[in-house]
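As written, the chains take the letters A, B and C, and residue 1 is the first residue of each chain.
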Amino acid sequence: MKHFLNTQDWIRADLDALLADAARFKRDRIGDALKGRAIALVFFNPSMRTRTSFELGAFQLGGHAVVLQPGKDAWPIEFDLGAVMDGDTEEHIAEVARVLSRYVDLIGVRAFPKFVDWSADREDRVLKGFAKYSTVPVINMETITHPCQELAHALALQEHFGTPDLRGRKYVLTWTYHPKALNTAVANSALTIATRLGMDVTLLCPTPEYVLDERYMGWARQNVAESGGSFAVSHDIDAAYAGADVVYAKSWGALPYFGDWEKEKPVRDRYRHFIVDEAKMARTNDAVFSHCLPLRRNVKATDAVMDSPACIAIEEAENRLHVQKAVMAALVAQPSGMGSRE
Amino acid sequence: MKHFLNTQDWIRADLDALLADAARFKRDRIGDALKGRAIALVFFNPSMRTRTSFELGAFQLGGHAVVLQPGKDAWPIEFDLGAVMDGDTEEHIAEVARVLSRYVDLIGVRAFPKFVDWSADREDRVLKGFAKYSTVPVINMETITHPCQELAHALALQEHFGTPDLRGRKYVLTWTYHPKALNTAVANSALTIATRLGMDVTLLCPTPEYVLDERYMGWARQNVAESGGSFAVSHDIDAAYAGADVVYAKSWGALPYFGDWEKEKPVRDRYRHFIVDEAKMARTNDAVFSHCLPLRRNVKATDAVMDSPACIAIEEAENRLHVQKAVMAALVAQPSGMGSRE
Amino acid sequence: MKHFLNTQDWIRADLDALLADAARFKRDRIGDALKGRAIALVFFNPSMRTRTSFELGAFQLGGHAVVLQPGKDAWPIEFDLGAVMDGDTEEHIAEVARVLSRYVDLIGVRAFPKFVDWSADREDRVLKGFAKYSTVPVINMETITHPCQELAHALALQEHFGTPDLRGRKYVLTWTYHPKALNTAVANSALTIATRLGMDVTLLCPTPEYVLDERYMGWARQNVAESGGSFAVSHDIDAAYAGADVVYAKSWGALPYFGDWEKEKPVRDRYRHFIVDEAKMARTNDAVFSHCLPLRRNVKATDAVMDSPACIAIEEAENRLHVQKAVMAALVAQPSGMGSRE
């Protein structure tokens, strides 16, 4: 059985099929691919877009989404195998996943890092716990990666450029300032999908400390080797923006300071000028701009950029609805010909 | 595109059509006017009746409601244009409204005043922010007015009197005691719809300090001029109840004390006797009694009044379901012949 | 009009019919018995399984569930008749139940004890308040009993033994340790349904202080008299497990310490060895094991027991979905031939 935990687990043909399905679901919103089916949306962290788009996606295809928030309006869950559960946790993931699997056809999981110890967070054990014990397909609704956002982003770029083939486009993933140290998930994901689709990718960030985890840097290099694009790291704003076709912005916390964010603060505060503004965009090849949202205006990008025709963040957000319908429909159908890279 | 922000924005013929539609939706509960459609219910404040009635109204017409609670299980939202968002807010209303507009066909908004500064609260900027940026119709689910309650109230009165024509009825909107200073929204709305429908309206309140904001007093006078009823303020309980056909109760905070509620407390505490009781009801012309709910029994109205046949508060609450179906269906259909007063 | 407050209120033939309907609903998941119908799920306490199973049950039969959490995202409710409501409560159950009855076809209520005063909690007044004022059927979603769990448990046993006739089976309800004093609801319910179905029931608990409330002990004796089984209390682990066909585990707080839980703690701490483990299970007649979930692994039962083929807790949890569909469908249909014992 196939889950949707990371695009990197999927073969390229199946990813392309998801994107093509999503484009069809966008044209023809209502269908019956999930008729009588249900998905549990398990949120360990808050959400607006993800919850709305999954809930409506299920509805538009005849299904139903149940929203669960463990530790908020449901029980706190244990993830350690063999634990003597005499502390705070009330129920083991083994039971949670098995019972949910009896009720629903799909399980979506959002579980952000705890932001204390990256070596623990990078194990992604909440998502993996669900995948291990669930007997139905599991969908990553953002943990340490965000593959649904990847597909929405990719579809928005395909729409913008009028072709599914994005090879040769100059793609800049730029770090931006944000008052808090954020999750690297969308940055990891942007790197993953941009290299997968064969673009010429630059990771622009203030210093080597802001480079992403080696797992995702490795995926990027592997993807470049397979898809024929390129991948480089830059700390030079002018050089990175020059001639860019795509500017994708995201803020994240520097991994060497993980869990020690007060120490990162003075470092981070020096790089407020990474904001995406008109002057930087003027250096590009009339680049398209996007962001996964939510976005702090005039901190990550200026009002002028956000309200310009170059901004496709709203399109990308809308695409979440349609790519997730494609993912849910594909996982429920599970054609025998669908292969996994694992 | 037409929103449903206030009844005062709508021409009388369209309000009458909504009420007639609502009566039909009450007889024939199930339909397909919202088949495959969705509404986002954005609650900045808690709700039971509003949420249940909108959620079920959407369901009964084949649609789906998504419930969002910004700052609770979604992101805190910025409403100021041009703000440098380096504080608590995570996302600007421009993005929230535009993205929601891609997901849903309608947006309902509940945003009570903050109860600190009436000159700020009276701008209704959350509702107006959604209306400004949304590309789909927006419905007021109670902000500083409560137009859905107005329609439910009007329908309940039409049912009680057996006719849509309420002209000439003596209508008393009475302030009542409540331990806390409450929103003026329903009082503003009762005044608005009662005068709009041509009734002879008395606003009964303890002192001139409890008179409503001049905007709504002005709407009442304007409505009287157009619909041929009358409007007066009274501080005399006996005179106001004498011969009344309708008694509508509501508590609210006095605007001169807005944000300074500790100072209002001793004033308010002197008027506990404004409670609606059998003695007062006996002075009326066998009046019908109602309230928007929730109602504190034996504080705003006695058990005897609440449990009497004169009380139509339950009918009014039920009507919320049906008038909201009428509003949603009308906004989604948006017939070209539908005119706005603005 | 018939509610589903306790199985003990229902005649045996109707309970058997519910179980048979549930088995059919399990085979044929999708239907239209609730087409266009709605249920309000009123949760005064958190829930995962109950909420998910009711919500999906309604969906699978064409209906819709509205989830309400009074005091959390809805108003705090008053249950005392005649109260002068100038304290914390905003609305009386009379209005809540009557208004909900206009919106929905069924009302489910979860209201755990407050754990301060058992003589108050045992009155079950939240559930009874809804049943009193509602004009639609009310379903107990766990208060001081848990009748939906009873049906799910009974169905799982019928499936395991391959027959609806459970008479003559040796059934052990064993108390287990848990760091907190828990509700007696599921224990009361297990005792009720096991004796009702004619099994030979042993209530195994550490001391006479852990015996259940006399109301439920009385129901057990009454059921035995009518159904021909037996009922005994034991404090001897070895004797109780010997030859058992069914082991059902649950932890609960000792009633003599109710509200004074710090005093119970040293007592409770002496009985950690009541955990269900392989050694105890080896003494049984190859017994089936179950629990209502959530379960703390290695505290109430060991990993080895939970992961053994003897454990049918997941089946029992799944059955919640199907028995609740049966209950909802039966209550909405309310055939005139359906009798109540009251």
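Basically, contacts are C-beta pairs under 8 Å (C-beta built on N, C-alpha and C of every residue); 3 or more make two chains touch, one makes a residue touch a chain.
Please read these numbers as outputs of a predicted model, since none were measured by experiment.
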If you fit subunit B onto subunit C using the CA atoms, what's the rotation angle, as a multiple of 5 degrees?
120
Same or different: do the copies subunit A and subunit B touch each other through matching residue numbers, with over half of them shared?
different
Euclidean distance of C-alpha centroids - subunit A vs subunit B, Å
41
Of all the residues in subunit B, which ones touch at least 2 other chains?
none
The answer for subunit B against subunit C in the complex is residues 29-30, 43, 46-49, 51-53, 55-56, 59-60, 69, 72, 179, 293-299, 303, 306-307, 313-314, 317-318, 321
Okay, in this complex, where on subunit B does subunit A touch?
36, 38, 40, 64, 66, 68, 70, 73-75, 78, 81-87, 89-92, 94-96, 98-100, 102-104
